[in-house]
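Naming follows writing order (A, B, C and D), and every chain is counted from residue 1.
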Amino acid sequence: MAVQGQQAPKDNLGFDNRTERNRKRTINHDGSFNVRRRNYFFREFHLYRWAITCQWKTYWLVVLIIYVAANFIFASLYYLIGPENIVGINGDQASQFWQCYFFSLQTFTTVGYGGLHPRGLLANSLAGFEAFLGLMTFALATGALYGRFSKPEARIRYSPNALIAPFQGGKALMCMMCNDMNSNLAEVMAKINYSWVETDETGNPVRRFQPLKLEYEKVNMLALSWTIVHPITEESPLWGMSETDFERKEAEFLVMISAYDDTFAQTVYSRNSYVANEIVHNAKFRRPFYVDEHGYTVLDVKNLGEYDLLSA
Amino acid sequence: MAVQGQQAPKDNLGFDNRTERNRKRTINHDGSFNVRRRNYFFREFHLYRWAITCQWKTYWLVVLIIYVAANFIFASLYYLIGPENIVGINGDQASQFWQCYFFSLQTFTTVGYGGLHPRGLLANSLAGFEAFLGLMTFALATGALYGRFSKPEARIRYSPNALIAPFQGGKALMCMMCNDMNSNLAEVMAKINYSWVETDETGNPVRRFQPLKLEYEKVNMLALSWTIVHPITEESPLWGMSETDFERKEAEFLVMISAYDDTFAQTVYSRNSYVANEIVHNAKFRRPFYVDEHGYTVLDVKNLGEYDLLSA
Amino acid sequence: MAVQGQQAPKDNLGFDNRTERNRKRTINHDGSFNVRRRNYFFREFHLYRWAITCQWKTYWLVVLIIYVAANFIFASLYYLIGPENIVGINGDQASQFWQCYFFSLQTFTTVGYGGLHPRGLLANSLAGFEAFLGLMTFALATGALYGRFSKPEARIRYSPNALIAPFQGGKALMCMMCNDMNSNLAEVMAKINYSWVETDETGNPVRRFQPLKLEYEKVNMLALSWTIVHPITEESPLWGMSETDFERKEAEFLVMISAYDDTFAQTVYSRNSYVANEIVHNAKFRRPFYVDEHGYTVLDVKNLGEYDLLSA
Amino acid sequence: MAVQGQQAPKDNLGFDNRTERNRKRTINHDGSFNVRRRNYFFREFHLYRWAITCQWKTYWLVVLIIYVAANFIFASLYYLIGPENIVGINGDQASQFWQCYFFSLQTFTTVGYGGLHPRGLLANSLAGFEAFLGLMTFALATGALYGRFSKPEARIRYSPNALIAPFQGGKALMCMMCNDMNSNLAEVMAKINYSWVETDETGNPVRRFQPLKLEYEKVNMLALSWTIVHPITEESPLWGMSETDFERKEAEFLVMISAYDDTFAQTVYSRNSYVANEIVHNAKFRRPFYVDEHGYTVLDVKNLGEYDLLSA
């Protein structure tokens, strides 16, 4: 997405390179984008997407509301047909309505105690339809419940800071990650995109994006932690940049991880970003693991991203 | 699939290059093909495919018909066995049949109020079998319902027109797309195939296909919109083509998008096509996004594909 | 997997190249291998695999046997506890056992009419456990049922014959395929492996395998039919082979197709093979499609693979 | 991950190359890593992951405990509301509690015989809520049950030993694998990583990792067995290593297999490793298959990995 681009990188971010200066960070720490949409109204709504991604309290609230409302509707229908068509109903009118409601509950869930049961064509047909609808409705509610429960998810822990650290006689941009679940990750791939602000031909600030070359782009399996390394060679856009250059250019580094998770038997994705003030210059990561007395390698996730400042 | 083809593109469309002149567009705007099949009869029918892809009204109609029909069959069997084997049945013959039907409903849905219940070997066995079949049948119906509900789907919005726009001192074919859902798309890949009609050795019109080289074939994440660009260089089959050439050759551009959608945790596909009269020459897309007063980038999807005509 | 192999193909078939002469075809027309296994006993059995792939009649038989057997076991337990603990049981001993059985049916399916219902600690606890087990058992049975129903499946139709046909001034091995379902196939990839018998250093016949170079290895979408073409150039192992050479060498061509099916939202696989007597020399495929009076392209699948013999 | 690394392999294992000497094998024969984690507490726990991967006895124990506990809670609530609100309850206080429990069982499983059924607003509402919760809870329990049942799984059988065997005039490291299920594996890919201990600049022992080049990295289909071969050429890190070198360097070979399994319609993964004392020098694998009298190739899995020592 670089400009004028001989050897333009064949890989970019879907941010148009003419993006106006974006004063916010591009990717939040939870992986979401700092983008808002207009004129979306109902178009963007996708029921399944919503059911799978909304908050738990929203999910339960909506499911319970639907459950109660559906039963109210059917209770009203039974009441309209006439409570005398439900064997076992007695008492005054209010009580009769509630007994219609309870009969509906027992039908919708197919629990069907039978203390109340339908009599005659209409009540029986309605009850048969309600049982059908109850089975269908619960299929959606429980399907979404299990979908939420089993949703593939990457819990990648990133070092809080990226470092500019010594590397093979020169320097490199480094960040560290580990798996924050005890699942096995295979075919773990990392990408880092560098984003900065510069002035375009018309004198307006423009945010640009460019992928960075990594020492390794892939690890076959992630057993411990992985230090993702971009060596700052002469080809690197970071070559010769001072600490203040990072601030001035509003540098942001977008880290993207994909991995095959054997629990979900699927590829999972994770994103993170580091802005200028999260870059530590001239420092070195501490090792987050050690070998214990029994010969086991122990990964101490709380230590992930601890570093030592180096004297200049 | 180009002809005589040294450097034949290693990538094509499954349309045989000898396809006779196709007077209709090859791909409709909804992504379906303009192809009909013969001698398919029952071979091509796949129950699951049908259950997942048929219209909602068809789905509900068929499910309800099966539900009612299955209960009629079981009602008839209970009636044949003898309504006296269902405890609680009374009244005349017609009424007895209906009560058999209601007993069947209550068994098939496993609601089993018990106001009606079976007596004796035959009625009990049949009821046991019906409950079994009911559970199995509802498993298929609810499975298909949830399958429809959770079906992976790409809602890509395309610009209504493709443009021939200025690009890096020359020209390029451009179209624009964005995600029309608020899901996150990663690893978004685009392909454009150019299709045109020419005259073959025997003097017959032949439709040919050739993939076009894109500036970028992939964006890592689609946060905003993406302008897909085919630079019209000397290597391009569009090099030197005038506006009337597009019409005369019945040019059609097939756009194919694939992307990983993190809601469905799957790769989703989308297709679109532009025919000659949907190509606007010498124009430039307007940016469909802006930065608002809070520093957020705002994507206005209604504006996607708006363009300015350039003076020659 | 070719021998001595400078430029050994980096791609093979998992058949060891030292395979002894295999008198049967390697792949049957239904895609299964002509390989048998020994010392597999119970190791190779995988319950889910079996439940998904066994024949329908086997599936239903096993599910019904489990259903009946489970109910017999529970009926016996209720009978042992004492039929007097099931309210509503009466009659002689045989009848009492059958009523225990019916009570079990009504509990296992959770239909629970209530004409029969448990009394006392033991009968109630057992009924509670049976209802639990019934729900679990039906979850497996209905899960497998839906798994069978929704199993991803490629229905690729292959031409009955492969041809040696004229191609670009020379010759090519060609076979034809189309989708035999009305689903959309994208990213369709083909591979052909040539397999033949020759004599090794020790004078024993050995079956060898080698992948063939294809004109196109991939079509982006399969709208009509696809003619898979291996040009017989000087580099081809088929170069200079006469018709009798195909017989003598027991030539077999293994065709492997993979494609993304948008119904299943998954990649599906298909295999086929052509042995020497299924190769037609000096012939040309007829086009299996035509444009009808309304401008639609019509694919006539019955014609797929029809060919014209060419005069030498 | 090799050192000083010009031409560093673009592919590694996620073990940091500065890993301290690991006295245990890196990968156990069951594919798990010899790594422990600290400070994980509740963070690493993922309910779905646990439900899918825990042992069967744990799964059943936890599901039954939840089932019993949920019913105790509801039984207590019904008892608090007053047993007189459940029609059919009689006897002394203890007996009444148990009858509340049985009513709860019948509601939670939706079996609802009706011998016991609720009366009044509170009991009916609670029963309606319990039936709802029961359906939801069973959806999770049965979903996890089916998830465990249908979990994609590779059953790859590896030869117990890796061999240093003659190969094309030189030597090669070889191991053998086959599919231990009768499913079809396609697109089978293998990787071998060599891991050894050496002394770093500071004199400390360091474990290093390097991928090995394979003769073939992929077989299109796995019909029989596959011998994975790393030719020990001058470029190989094993070049010139004696048998004692393998011991001294604590050599370990990590084998990783991925394959598309058509039962699960998914890619499955398998890992294994060979340590120094599992390497047999100067030996040759026996063929694990033969052609029987009917012309079928028979794979004898028990023989997989049998070898003949060669005289020097």
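Here, a residue touches a chain if its C-beta (ideal position, glycine included) is under 8 Å from a C-beta of that chain, and two chains touch if they have at least 3 such contacts.
Everything numeric in this text was worked out from a predicted model, so none of it was measured.
Under half of the residue numbers at the interface between copies chain B and chain C are found on both sides, making the touching surfaces mostly different. More than half of the contact pairs at A-B come back, by residue number, in A-D, the repeat among B-D, A-D or A-C. Rotation angle relating chain C to chain D: 90°, from a CA superposition, given to the nearest 5.
Here the CA centre of chain B is 25 Å from the CA centre of chain C.
Chain C has its Cα centroid 36 Å from the Cα centroid of chain A. In chain C, the residues that reach two or more other chains under the touch definition are 106, 110-114, 116, 143, 151. Within the complex formed with chain C, the chain B residues making contact are 1, 4, 8, 10-16, 18-24, 26, 31-40, 43-44, 46-49, 52-53, 87, 106-107, 110-114, 116-119, 121, 124, 127-128, 131-132, 134-136, 139-140, 143, 147, 151-152, 191, 193, 211, 256, 258, 264, 266-269, 271.
Those residues of chain A that touch chain D in the complex are listed here as 64, 67, 71, 98, 101-102, 105-106, 109-116, 138, 141-143, 145-146, 149-151, 153, 155, 168, 180-188, 215-227, 260, 262-263, 265, 287, 289-292, 295-303.
Listing the residues of chain D that touch chain B in their complex gives 110, 112-114.
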